[in-house]
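Consider the two complexes below, in which subunit A is the common component and subunit B and subunit C are the respective partners.
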Partner chain A sequence: MLAYFIRRVFYLVPVLLVLTMVVFTFVEMLPGNIIDTLVGTEGVNDPEVRKILEKEYGLDQPVYVRYVKWLGRAVQFDFGKSLVTRRPVAVELLQGIPATMYLAIVGISLSMLIAVPLGTIAAVKRNTPIDYAAQVTSLIGISIPEFWFAILCVLFFALYLGWLPSSGFVSPFVDFWGSLKFLILPAAAIGFRQAAYTTRLTRSSMLDEMNKEYVDTARSLGLAERKVIFKYTLRNAMIPTITISGLQLANLLGGTVVLETIFAWPGIGRAIYEAIIQRDYPLIQAGVLVLGVIVVSMNLLVDMTYRLLNPRVKFA
Partner chain B sequence: MTELPASKLAVFADLPALPGRRKRLVAGVSRAWYELRKSRTAFIGFWMLVVLFSACIATPWIATHDPIKQSYRERLAPPSEKHFLGTDRMGRDIYSRLLWGGRRLVTIALLAVTFGLSLGIPYGVLSGYFGGKVDTVAMRVVDGLLAFPGLLLYLLIVTLAREWKLEGIYNDLILVFALGFAFTPEVARLSRGTTLAEKQKEYVEASRAIGDGSFSIALKQILPNIISPLIVNATVRLGYVILIIAALSFLGLGTPPPTPDWGSDLSAARDYMETAPLIAAFPGIAICYTVLAFNLFGDGLRDILDPRLAER
Partner chain C sequence: MTGENKKGSEQSRREFLRTTTALAGAAMVGLPAHEAAAGKKHPKRGGTIRFGMRDDSVGLDTHRNFIYYVSQPMAGLTGGLLDFNEKMEPVAAVAKEWDASADLKTWTFKLKSGVEYHNGETIDAESVKWNIERILDPKIGHSFNRSALTDVERVTVDDKLTVRFHLREPNAAFDTNVIYYPVNLIAPGSADKADTHPVSCGPFKFKSWKRFDTCELVRFENFYETDSEGNSLPYLDGMIGKPKKEDRVRLTALRTNEVDLIDNMAYADAPNFEKEHGKSFNTWKVSQLGTAFIAFNLKNGPFSAKDNPDAHMLRMAAAHAIDHEGIHEVVFNKQGHIAKGFYGEASPWHGKDITPWPAFDPDKAKALRKKAKGGDAKLLIIANDSFPYMQQSGELAHAMLKDAGFDVTFEIHPTPVVQDKYNKGTFDIDSSANSYRIDPDGWFSRSILSTAPETIRRHGYKNEQVDKLILAAKVEKDKAKRRQMYADVDTLVNKDLPLIYTYFIPGLQAGTKRIQGYKPAFTGPFNYAGGGLRTAWIE
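Then we have the complex of A and B:
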């Protein structure tokens, strides 16, 4: 177990190295250089200033030296300053992480609350109208673009009914109930969409499990069907569901860019989006790197949890 | 392809010769049609796709207006005989914009998935066929690529495309490249897995006995036999790719206006949501329809090609 974990962490090293290279190359491949952008925003075009800035940003050195230096600083969470706010990039990004995690965790929990019962019922009542309804709904759910679904939610609940604010954010530590009002729509938009995947998965893994022999054994021992389903079958069927939900969570932490933008949610995704719009390259660079690291390590965590939940999987 | 049982093959034993190429084609198509009718999802998806592709191909003839021609006198017009789906904020005909936008979107998606397949299949098949150290290294690379968060990669590439001021076809090609490249590791892993199972079979041994080279066996003999799970995967991926393209252009990172584009049209329509909600509805419905068509067809195909799953 420990050996496996260490090996997996070891495998992450090349992935992370490639990630840093991609992110570094990205800025290198931009036309012009960072100084142009800086000078552009400051409104000075003095060769002296350029020289000083070039020195400050280390642009007078060759690429590989800059990469190694940049990497050395990145490991210490020093990503330089934002070109727009002139504050350290790390601070800008770290501010967004709690909001993104809050949204992603609530969204995924919501999706599991919907999907697990729905998928189970669909599997138990296979080929009945309930099953078909669940299947059709989830198929439509995975086909709807999330931004469109979000817009429809805003249109209906915020503009038409006026029940909820259309966008914004209040920290739950400041005003818990007030923050819920802002959370409902984005979390629901995430929750329903992810639930569409999870429902399909829960249904098919329930069907898989229900065909296994231990279920017949449990039934032949005279256990109530309810007990067979909830105590034995569902427990085993949950393994893939939990795994996939974990992976979804990992992806959401790195991929709620669209929803955060629509709902003006001050998360890391929107920070990156705004950085792209405002051409704030250090922030884009660091943001993608941080998100990449989060996603990759979450994936590892999920994989390890999966192996703990399911001892049949060998640590090969 | 499922193999025919021996009892059915025996029927062919006393036939004089193999039927001609054309006859075989007809038989193949009618068999495919028969299989297709068995799965309701595939059947519905198939017809939805037929409608979609017909619309894409026929766009130049069925579009009624120039998709980028503005007409300020007819801004935000409701659906009418002249404008089937009304007009947008610049008086452009929504029906024509949807058609042209769809044609572009579907083309990009098809090219991207084809690109991913054409990189991933040879990679996976050869890696699986040769096995050993080659395989280990090749699959490590795939694992690394799979761990890469896709959306971030698209964001970076799309930003680069914007900064290079790429326009029109080049912008689309970048998208094809990024989406196709991101699909490659998945294809490689899938085709490697099936190749591993396939290379144990007797026909592979037979062609080796005849003296065929490794490359020829891997690509000419094994490849056709592993194609069906790949087709399913590619079909579902098409829906996903369309969602990604739409999301990127919704964020304003796709093709710049005035090019008709479902995602950016939807985004622009947000400002008029209260007064003219229909404008936001049409591109959304179009995206849903397209993605649903691919998903239905892919789901159905999976049931047909893998009867073990169809029992579910």
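Then we have the complex of A and C:
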């Protein structure tokens, strides 16, 4: 298992390298550049000033030189300074990533807490009112756009009931209980929608597993139905659920710009979005690299989890 | 010229009359005098206001970044040589008086004695010089901040409290260019920390900042301004800026008591807000955040005389197709006013006798388009994605031009793409806007004068008569004459049609009833002499 893990980590290197090259190329191909942003629509905009700024920001060098220089620093975890805010890129990222991780992890956990029991019960009680209710609820969850559900939550819980704040963020390290108040609505907006997908997936996986011979064997050996379902069937059925939830989590860590805007949540999504708009190259590069690392790490983690869920899974 | 702000004395006279009238009334009905006088609300020291704002600054260095004085919390900490008052006229701030030489090429500013930066450094002439030179450094100063100082050749120090600006060209309105927006002062001793802990000289000083989340400012105890009774301003202990980009998110935050004050209410919400929530909230109208317009690309393409002999006729056709009333209703929900020039009625620079652009006449638009060469050309309208009204005005112009038979498409782009299109001239019509300019020279010399870099880059308008008027107005000392000259320029612009003014962008701020003594200036800023958050308090 350790050898497999090390091999997988080793494979990440070319993946991330290609990712940085692709991002660098795409950003370079975008119309407009940071100098346009810095000289602005106002005032002085002459070629002399552009030249001075290009030199100041190192943009007078060919793109491959800039890439190699950037890569050389990045492997030493030096991502340079934001061209726009002038603060270290690491600081910019570290301001947004914890908030996004906090929201994404709680949101996904919430979705799992809803989806796994609901999907399991729906499968076990197939074609009963409970199953129908679970299916209709998940269908509604999938059909409602996330932003709309978020706005409804704000209107109902913040404006009409006044139970929760409508927007904002408090770090759990500053005030844990206070931070929960701000977390509930955005996490619920994420959690319920993700739960809709996961419920359906859990249900169908459970149905597949329940039709397999080992379940009949377990039952014929006289095992309690509860034990058959929860110890054997659900454990196997969780593999696709874990896979999808892991990908959902990676996707959410990539930023939820719309939800961050609705809830004024200072996450990484908006920071990277603004960086792209302003052509803040170092921040875009580092942001995408960090998110890339998170996504591939999540995939690796998911793959490793298979083994825990099903010992028959072999690491090749 | 002196910068004595008369507002304070006027206020105290009004307050005196109000108080004495109350006392006289009390005497007549037999009430104790102090109870009658208690009807007048007296400012209270203390309290922190939570301000939900549309925008946040990009960075903290107030020279390197553009700090928009309407909707960025950081505007609360900036201060400068001069301030502006409620009418957006220059008044004393760090400088107590100022004067121009007869040729308008040298401006001398005498500083108040004992005025400090937030870190206790004394503001003297040397530090002002250092600030100006730092802003003028293209590696540091933001283009908008620098553009206010393009006329400056050098700055000299006469004595500790006298600083002199030597200009390349005469300028009758140079004083408006050294108002804190955008030429703000920072403490020289804090320059190395300007990106992380800015030190300026405005009414509030920096405490903390987390971009797009919170900007915490606290009262500057040694701020130079006092109220009419000599109490130091501001009254508040601090302000917490809460940037919330979406208009509805800010409004909900106000209604759920998460913020005390918001700027830029959505135009869809503004008309009914006062009626529905007037009991719980105060509202303040902002009549002109800026001026919206639709500009043509005169550098190349069918609207350019270089490429099309009928370019002007085609622009006339387009102008006749634009229904200003439609924009008034659809985009701004009947808030605010249609623009015939750059300055609205609330502005001291409003020109009364401007001949407007061609009236809405779809039939004439169709006829002219058919007649003009290039009337069937494929056109592209662009709009910046930063402000909804630019996009919506662009969408509407798109529909109106299509109705008139133009073959037109519409694209919305982020700023770098829009600027790339300006640079390359790959657009035909631009739905855009400019924020209010304290002096008309700030608009006309930068965006209409044919030699201005911005004019060359964006639309390429050229009219000798217009240029002469703008340059003459720049050296005219008589304000009434200058106003008329700029009105004449707007008349010519409306005739030549490099752009069509469409709207004075309105705004609505709202806050809890607990906020007293607050009113934004008519163009929206909350930090100005004798008003805004400087005179606000919480009941």
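Here, the second predicted complex is superposed on the first by the 254 of 316 C-alpha atoms of A that agree within 3 Å, B and C clash if a C-alpha of one lies under 4 Å from a C-alpha of the other, contacts with A are read in each partner's own complex, and residues count from 1 in each chain.
The rule we apply is simple: contacts are C-beta pairs under 8 Å (C-beta built on N, C-alpha and C of every residue); 3 or more make two chains touch, one makes a residue touch a chain.
Given the structure is predicted, the values throughout are model-derived calculations rather than measurements.
Enquirer: Applying the touch criterion given at the start, work out whether A:Ile277 contacts subunit B, subunit C, both or neither, answering first, second, both or neither.
Expert: In the superposition, A:Ile277 contacts both subunit B and subunit C.
Enquirer: Looking at A:Leu30, would you say it contacts subunit B, subunit C, both, or neither? Reply first, second, both or neither.
Expert: both
Enquirer: So in the superposed three-chain picture, is A:Thr261 touching just subunit B, just subunit C, both, or none of them (first/second/both/neither)?
Expert: Both partners, subunit B and subunit C.
Enquirer: Could you look at A:Leu159 and tell me whether it touches subunit B, subunit C, both or neither (first, second, both, neither)?
Expert: both
Enquirer: Just checking: does A:Leu180 make contact with subunit B only, subunit C only, both, or neither of them? Give me first, second, both or neither.
Expert: A:Leu180 contacts neither subunit B nor subunit C.
Enquirer: On the A-aligned overlay, A:Met101 touches which partner chain: subunit B = first, subunit C = second, or both, or neither?
Expert: In the superposition, A:Met101 contacts neither subunit B nor subunit C.
Enquirer: Taking the superposition on A as described, I'd like to know which of subunit B and subunit C A:Leu53 touches: first, second, both or neither.
Expert: Second partner only, subunit C.
Enquirer: In the superposed arrangement, which partner chain does A:Ile239 touch: subunit B (first), subunit C (second), both, or neither?
Expert: Neither partner.
Enquirer: Does the superposition put A:Asn299 against subunit B (first), subunit C (second), both, or neither?
Expert: Only subunit B; A:Asn299 stays clear of subunit C.
Enquirer: Could you tell me which stretches of subunit A are touched by subunit B in one complex and by subunit C in the other?
Expert: 30-31, 151, 154-155, 159, 261, 277, 279
Enquirer: What does subunit C use to touch subunit A in their complex?
Expert: 58-61, 64, 66, 138-139, 142-144, 146-148, 150, 195-196, 210-213, 242-246, 248-249, 252-253, 255-256, 258, 414-423, 446, 453-454, 457-458
Enquirer: Provide the residue numbers of subunit A that touch subunit B in the complex, in ascending order.
Expert: Touching subunit B: residues 11-12, 14-15, 18-19, 22-23, 26, 29-31, 126, 139-140, 142-148, 151-152, 154-155, 159, 204, 207, 251, 254-255, 257-258, 261, 272-273, 276-277, 279, 284, 288, 291-292, 295-296, 299 of subunit A.
Enquirer: Using the touch rule from the top, collect the residues of subunit A that touch subunit C in their complex.
Expert: 30-34, 36-46, 48-49, 52-53, 56, 82, 84-87, 92, 95, 151, 154-155, 158-159, 162, 165-169, 261-264, 266, 270-271, 277-279
Enquirer: For a test of understanding, state which residues of subunit B touch subunit A in their complex under the given definition.
Expert: 140, 143-144, 147-149, 151-153, 155-156, 159-160, 163-165, 239, 243, 246-247, 250-253, 263, 266-267, 270, 273-274, 277, 280, 284, 287-288, 291-292, 295-296, 299, 312
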